[in-house]
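Look at the two complexes coming up: subunit A is in both, with subunit B in one and subunit C in the other.
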Partner chain A sequence: MSLAGETPRHGPQIDVQFDRADRCYEPGDDVLVRYDVGGLGIDTLRAVEHSVLWYTEGKGEEDLWVHFFERVAKPAVAGSFRVTLPQSPLSYEGVIVKIRWCARVRIFFHGGRDFVSEHVFDIGRVPPARMPQATKP
Partner chain B sequence: MRLPRIFGKKRGHRRTGSEAWGSFGDGLFHGALVCAGLVFGSLLISGVAVPEWRINHDFVAARGRVLAKGLVKRTVDDPLAATTATWRPTLRVRYDAAGTSREAWTRSQPSTGSPDRDAAAVRLADWELGGEVPVWYDPADPAAVVLERGYNWWMWLLALLLPGALIAFGGSGLARAVRRWGRSEEALAAATGIPGLFGPRTPASPTATDLAGLPSCDDLVNSPGTQLRYRLPLESPENWTLLGLGLFAAFWNAVLLVLAVGAGLEFTSGRVDWLLLALLVPFIAVGGGAIALVVRGLVLAAAVGTTQLEISDHPLLPGATYDVLLAQGGSGRIRQLTLALELVEQATFRQGTDARTESLVVWRRQFDAWSDVALLPGARFEVRTTITIPADAMHSFTSEHNAARWRIVVRGVPARWPAFVRIFPVAVYPAPLPQPHQLRQPGRKVPA
Partner chain C sequence: MSSPPPRPAPNPFATRYTQPGSIVPLDADGQPVDLPLLLSRLRANDCCGAIVGPHGSGKTNLLVHLAAALATHEGSLGPLRIRSHRDAVGILRSILAAAAGTVVCIDSWEQMGLATRLSVQAAAAWQRCGLLVTSHAATALPTLMECRTSPAMLAAIVAALPDTGGSITQADIADACDRHAGNLRDALADLYDRFESRRSS
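Up next is the complex of A and B:
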């Protein structure tokens, strides 16, 4: 399995575009993800998986929850999927707990290998948490 | 076809993994366990269960005359170079098998032997030479004759339990490995329950629940308030600590009492066990200290008095303001009493073989404070105030290893007692979804 970020240097490349340039959404919004797969060389695609999920980062063990998942058995090198976002959880930048939403496009090759591209976006506008400071009314 | 990589490596955003080999090794290990269970089970069945079954169902009954008797010694070499021997009685009997007179030594299962030769000899004395005994012979091999029938139930249990446990454990691991094989992290997380174990790769419902990560607030709204809608439950870890300490003190002092009674009885009979007495001194110190701590905790809990908090609605929503009733019981004077709202992050992680949880207050706002509160016995101090949840507040969040919890915290500094903290958990939910007319506002709707 390979994981690619925004700018892979070689091998397969998945360009992902969100319908909002800032990738900031509100709960209940629709998010539209379009993608193009390039750099395949002689490899051919066997399947593509689309998913929208959240996972935690920080000091604790990672928790992961898949909100949307679909597998396309007859894939093309370009595609899109639309998902209605849920009420919760909102994206959160805490001190020891962080919640990240992302869209993943995972491609499977004939031969068994796979390659995943992950793209983070935000739900809600919760400001980052800071270290505690007592405030008075 | 390219084989999966054996090693894993992460460089920046790029990661090369060995999940395929991991699943393969996992499956191999559990497959070996299944094979071991099958082999072990078949050995036990063929070596123990089937012969015993045949004796009870296929062997033919006959009368045998005892011609001679003796003991059979069976020696087993154990891997640790020790040798163990078992003894069992055997008889040479003459019996009629399908019209033919035969003579043979009786057989029995190796497990019926005794390590005590004398016990086996005593048992042998029960049979008299020339006497008649019931025997059963094998119609397929008339020379095989036994003196006893019946089932060795513990051997059957062993034959079922041990291989069964190996097959069950290995089989479940093998099923897990098969389930993981070739499936992505997202596909595994999306498939839930037994149908997801072996079912289609795409779940029936592509989207999960709309309220993932929100804690239930059922336990927070099941107690009505006296003036406001809900009375909030008190989170009191110190009470559990006090209970644990009380149990420890009771157990420790019970053991101490038994030892002390023993020492006292010896003392009254004129003997003094100085070693026991010396050991009792530190035990008494620990027991006395535990009792003192429990009594102190009970006195503090009773002296400060109970704290109750009521709230006008629940769960709480960002940007909303709620009435809160604070009621403090007890007697005496409290120099300062404060009420604050806090957001606590909790992260559970593994450190070696331990699971640890770290908590950190990441947001705190004090909403009200009262000074020189005089508490009168029989009349509690009651005051109403309000709290406002910030409009951009993070909602309460709970997952398996991570959480963001909201709570109202009452802190008090009594004049004569140590300061106390009372914690009341609350749940903050995300703001409701915008109404349809709001969704149609320009810039809100996602273009197709």
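Up next is the complex of A and C:
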């Protein structure tokens, strides 16, 4: 499996657009995600999976929860999905741990190969935590 | 489509980028390990072998990569880690249900008691399964590879991670490797903290 974030590495280009340019949502909001798979013919795709999930990022074991998932067995090179966001957890930019929400589009090719594209967005507006600065004696 | 607004850069040393399986296995010179060669050595030993090395030397990472490669041919079970008696029972059941030729992959072999190790070996032999383990010291199994680390290896790992934006220098890498006596797991955790600290300042 290959993974592409905001800056895709090797693999197809998946452009993702959120219905809010700043990608900031409130709990309970609907998020609409549109995507476009570039440079591929429809005959090369076997399936597409859409998901909305959060994961933790830090030094410890990664935690993850899939809030929304659907598999499209008759895929197109462009599509969209709409999801109502939950009340929690809120996006959090901590020092030890961060909580990131993302929309994920995973495409499966005929022959078994697949490619994942992840796009981070925020729920809530929790200010980022920062390491306390050392005070001079 | 419009480009998204800038967001805080991910910490390149977070677990999601550094966990076993995420990093290409490297040797002490920072060069990729020849996985096909290791696989052929393993097959020459009836798919039995041990990856040996100290804490944080990349044993588990190598095991994950080998297990994935084995899965497409021989079939693999694991990597498994036995932490309790209940784990041991579950793993023995899994081995006894495995198809002949499957390679059972076990992490932290030396942490298992002697009785458990003997039981696992006997179950694997009974099922005609291979056995690939990681250990801090040589085992009764043939040593497939001895893992060692170096500042060059850590530098090569960091180079393959998401961009640090210049906040982590070669001096940081050398210092982290030295401070943690070559334990790459701890050195990467150290670099995580340095990255966060400099992001804050």
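In the analysis below, the second predicted complex is superposed on the first by the 123 of 137 C-alpha atoms of A that agree within 3 Å, B and C clash if a C-alpha of one lies under 4 Å from a C-alpha of the other, contacts with A are read in each partner's own complex, and residues count from 1 in each chain.
Following the convention adopted for this analysis, a residue touches a chain if its C-beta (ideal position, glycine included) is under 8 Å from a C-beta of that chain, and two chains touch if they have at least 3 such contacts.
As the structure is a prediction and not an experimental result, all values here were calculated from the model.
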item	value
Superposition on subunit A - do subunit B and subunit C clash or fit	clash
First (subunit B), second (subunit C), both or neither touched by A:I99	first
Subunit B versus subunit C as contact partner of A:K59, first or second or both or neither	both
Touching partner for A:R130 - first (subunit B), second (subunit C), both, neither	both
Partner chain(s) touched by A:P27 [first = subunit B, second = subunit C, both, neither]	first
Partner chain(s) touched by A:D15 [first = subunit B, second = subunit C, both, neither]	second
Touched partner set for A:V120, first subunit B, second subunit C, both or neither	second
Superposed model, subunit A: greater residue contact from subunit B or subunit C	B
Colliding stretch - subunit B into subunit C, listed as 24-32, 186-194 or 438-446	24-32
Set of subunit A residues, in rising order, touched by both subunit B and subunit C	5-6, 58-62, 95, 130-131, 133
Subunit B to subunit A touching residues, read off their complex	1-2, 4, 12-17, 19-20, 182, 184-187, 189-190, 201-203, 206-214, 340, 343, 345-350, 358, 360-369, 392-395, 397, 399-404, 429-430, 433-434, 439, 444-448
Residue numbers on subunit C that touch subunit A, as the complex places them	1-2, 4-5, 7-8, 10-11, 13-16, 19, 162, 189, 192, 196-197, 199-201
Residue ranges of subunit A in contact with subunit B within the complex	1-9, 19-20, 26-32, 49, 51, 53-54, 56, 58-71, 82-84, 86-90, 92, 94-97, 99, 104, 106, 111-114, 116, 124-127, 129-137
Sites on subunit A touched by subunit C in the complex	5-6, 15-18, 21-23, 36, 55, 57-62, 93, 95, 98, 119-120, 128, 130-131, 133
